[in-house]
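To start, the structure itself, in C-alpha cells.
Order as written gives the chain letters A, B, C, D, E and F; numbering starts at 1 within each chain.
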Amino acid sequence: MYTVTVRDHFMIAHSFKGEAFGPAQRLHGATYVVDLEFRRAGLDANGMVVDIGRAGEVLRAVVLGLSYRNLDEEPAFAGRNTTTEFLARVVFDRIVEAIGRDELGAGARAVESLRVTLHESHVAAASFEGRVSAAP
Amino acid sequence: MYTVTVRDHFMIAHSFKGEAFGPAQRLHGATYVVDLEFRRAGLDANGMVVDIGRAGEVLRAVVLGLSYRNLDEEPAFAGRNTTTEFLARVVFDRIVEAIGRDELGAGARAVESLRVTLHESHVAAASFEGRVSAAP
Amino acid sequence: MYTVTVRDHFMIAHSFKGEAFGPAQRLHGATYVVDLEFRRAGLDANGMVVDIGRAGEVLRAVVLGLSYRNLDEEPAFAGRNTTTEFLARVVFDRIVEAIGRDELGAGARAVESLRVTLHESHVAAASFEGRVSAAP
Amino acid sequence: MYTVTVRDHFMIAHSFKGEAFGPAQRLHGATYVVDLEFRRAGLDANGMVVDIGRAGEVLRAVVLGLSYRNLDEEPAFAGRNTTTEFLARVVFDRIVEAIGRDELGAGARAVESLRVTLHESHVAAASFEGRVSAAP
Amino acid sequence: MYTVTVRDHFMIAHSFKGEAFGPAQRLHGATYVVDLEFRRAGLDANGMVVDIGRAGEVLRAVVLGLSYRNLDEEPAFAGRNTTTEFLARVVFDRIVEAIGRDELGAGARAVESLRVTLHESHVAAASFEGRVSAAP
Amino acid sequence: MYTVTVRDHFMIAHSFKGEAFGPAQRLHGATYVVDLEFRRAGLDANGMVVDIGRAGEVLRAVVLGLSYRNLDEEPAFAGRNTTTEFLARVVFDRIVEAIGRDELGAGARAVESLRVTLHESHVAAASFEGRVSAAP
C-alpha cells in the first residue's frame, strides 16, 4: 500500500451542546492542522499516488470552505456538535466528492481510501478513515 | 473508522538485561511521550469517540502510576525488560482496565481498539495496538 | 544566560477589525500553543531557573483565564484586536504579575526576562519578550 | 501488534518527467526524513520487536546508499520518476533484503511487515507499507 | 520586543566545493523549511507586527525564486557554496529588499530586524539575523 | 549573526535533592534531545559557520559521555542537582573545551557564542547560552 499525505489548516469558532463538554459549551474556537492521506495499492504511470500539487489545491479549497467561520451558524452543521472527529469526517466527505468530480484528475479514482487527521493542539487530535467508494 | 488521540508523558529509570542492549544494560532512564489513540466505527450522541477530557484524565492517571520511578524495582515488572514496546503494552492494558471500570464513561465501551505509541527520543518510538475486547 | 521553557495551550473565538485582516474580520477562532521561557543569569540553590512544577501551574492558571472564551466579549480587550502578538503580550503581563505576587516562589524574582511565544498553526507564530522589571 | 520505529534522513538531487510535475521537471532536490516502522505480533525473548541499535544501523546503511547523489544518474532508477512514494518503496525493498541477509539478527525474521514513511517537507510525505514475505 | 514568524519551504539541487564537505561535494539536494521572523518594539494601529497575510505572500515569492532549481547554475551564486547559512542570508536580503519596495506595506518599515532560519533536516538548521537597516 | 544548529540526544537516570522537586526526588530518568547552536558574525572561506559534519561528531562525543548513566553516581556531579538547565551548562562547557582543543577545526575559534537547549519532554525544555571566551 502506497500513501501520499498533504497538510494545511483552518481556524474556526464554535461551541458544543451537552454537559460532557464542560467549559467548551461556551463559544470558543480552534486551529485545525489537517493531514490528508491518500492510499492506493499501486502507482500511476508517473510513479505517483496522486498529483501532489492538485492534492494540495483540493485540500486548500476544502479548508477555505471552513476557514474563518463560526460553525454554529453554518446551516450544514445545524444541530450537530462540530467536534474534531466530526470535522475530520466532513473533510473526508468533501475530498471524496472532489475525487468524484475528477478535480484530482481521472487517475485519482484509483485511490482506495483516505485518512483525514485534524490536530487541534500539541496534545490532541482526531481522525476519520474510510474507503472512497463507501462515502455517501 | 474514527479516532481520537491524547498525549502525555512520563520519566523513568531502568536498565536492560541481555548483551543485545549494549550500554543500555547500565542503569539509565527515559522520557516517554505517550500518544493514546481510541478507535471506533461511529460517534456517540454527542458526536464524540470518547469524552476527550476524561480520556486525558485517565491517561494522566496511568502515566502518574509509572512516573518518577525506577522500573527495575517495580514488582509488576520483575524479570522483564521494560523496553519501549513492552511499556506501550503496559499502558494499553491499563487503559483497557480503566475502560472496563467505566472510568471513561459507559459509552467508551464502544471503543473497539487502541493504539499506544511511546516516543523515546526524536528518532525512536514504539507502539502496541490491539482490540479492547482482546485484552487480558 | 539560563532559560527554562514550559508549554500549554488555549482555544478561543475572536474577530478582527480592519480591512488588513480580510476574511479574519469574520468571527472565527484559534488554538494557541504557548511556550513560556524564563531567563536569568544564574541558577538558584537547587540548581533551577524556576521551580518548573510551579511554572507549569502558573501558566495553566493564565491559559485557563483565556480558554473557551469569545475574546470579542472580554471587557479587558474592548476596542483591541486580539492578534497573536497582542495575546503574547497579555500572557507576558499576567506571568509578570504572578511573579510579583510570589506565585512562582520568592526565588523567581531573580528571573530577568521572559519570552512568550504563541503558535497559531504549523506555519505561523508570534511572541513578546521583555524584562520582568519593565512590565506595567 | 507491536511496532518499533527509527528515524534517519538523506539528501538527493533529481528531476521528474511528465507535465504533471510542473516546475519539478527541472533539476532540483530534497531532504527525505525517513521513518522505518517494524511490526510483529509478539516480542522476542529480550522483550523487543527488533534490536533497535541494529535497526538504526541498517537504516543508516540504506540511506547512505542513497545520500548525496543525483538520482537521475543512478542506473537502478533509469527511466523511473523517483517520487517520494517510489523512494519509500525503494527503502522498503532494501530493508527487506537486509532482513533476508540476517543483518538485523535471525530474530528479525519474525517481523511481519514494515511501513516506510518519507517526509519531504513540513507539509508533504509519502509511504509504502507491505508484508516482509511479499517483497521481491 | 514583538515578533511574528511565518513558515514556507523550497527544494533545490546543489553541490559544494572544498574537501571539508566530504560526500556533499557531489551533486545532491535539500528541502529547506524556512522560518521568517519579523521583530519590532511596538505594534501598529491594527495590533500587528506586520500584516501576516502579506508576510506569507512575500515569503512565498522569495521561496518561489529559489525553488526547483540547481543552484550550481544560478548566476547569482557563481563561485559560492550555497550552504544552509549562506542561503539564510540570501532569503534575509531578499526580504529586506521587499520591505524596501513596500511589498509588506508602508508600516513594515518599522520592522527593526529579521531572523531567517532554514531547517535542512530533523537534525540540522542554520540562520541569519540582522537589522533591516543594515542590509546591503 | 549567523548560526548553525545540530541535534542529538542522551538518556540518563538521576534524582533530585530538595522538597521543591516533589516526586522527582525519587530515582527516575530522562531523554534529553539536545540542540547545539553555534553563532558567529561572518562565514569562513567555505561559506560555513562551522564544519557541520565535525559539529555533529563533537556533539555525539559529548552526549556519549553522558548517555546510559546514573548521574547520581558520576563524580563530576557530586553534590549537585543535575537539572535540565544544569546539564545544558555541562554540555556548553564540554563543547567549549572541544573548540579549545581544535576538535572542530582551527576555524571554529571564530565562533563567538553557543546556545545549548535540552528538551526533556514535549512540554518542557531548558537552555544555557554564553560566549565561548567566557567559559571556564
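Note that a residue touches a chain if its C-beta (ideal position, glycine included) is under 8 Å from a C-beta of that chain, and two chains touch if they have at least 3 such contacts.
Worth saying up front: this structure is predicted, and the values here are computed from it rather than measured.
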Would you mind reporting the rotation angle for the C-alpha fit of subunit E onto subunit F, rounded to the nearest 5 degrees? 120
Select the chain at the greatest separation from subunit F, using centres from the mean of Cα atoms. A
Which of the two pairs, B-F or A-B, is linked by more C-beta contacts? B-F
From the options E-F, D-E or B-F, choose the one that repeats interface C-E, i.e. more than half of its residue-numbered contact pairs are shared. E-F
Self-contact between copies subunit A and subunit D, residue sets same or different by half: different
Where the centres are mean C-alpha positions, what is the separation of subunit C from subunit F, in Å? 27
So, in whole Å, the Cα centroid of subunit B is separated from that of subunit C by 31
At what distance in angstrom does the C-alpha mean of subunit F lie from that of subunit A? 41
Contacts with 2+ other chains: residues of subunit A: 7, 122-123
Could you please specify the touching residues of subunit A with respect to subunit D in the complex? 1-8, 43, 46-49, 51-53, 56, 105
The subunit E residues in contact with subunit F across the complex are 16, 18, 20-22, 80-86, 88-89, 122-130
Complex contact set, residues of subunit F against subunit B: 7, 9, 11-14, 23-24, 26-33, 67-70, 120-123
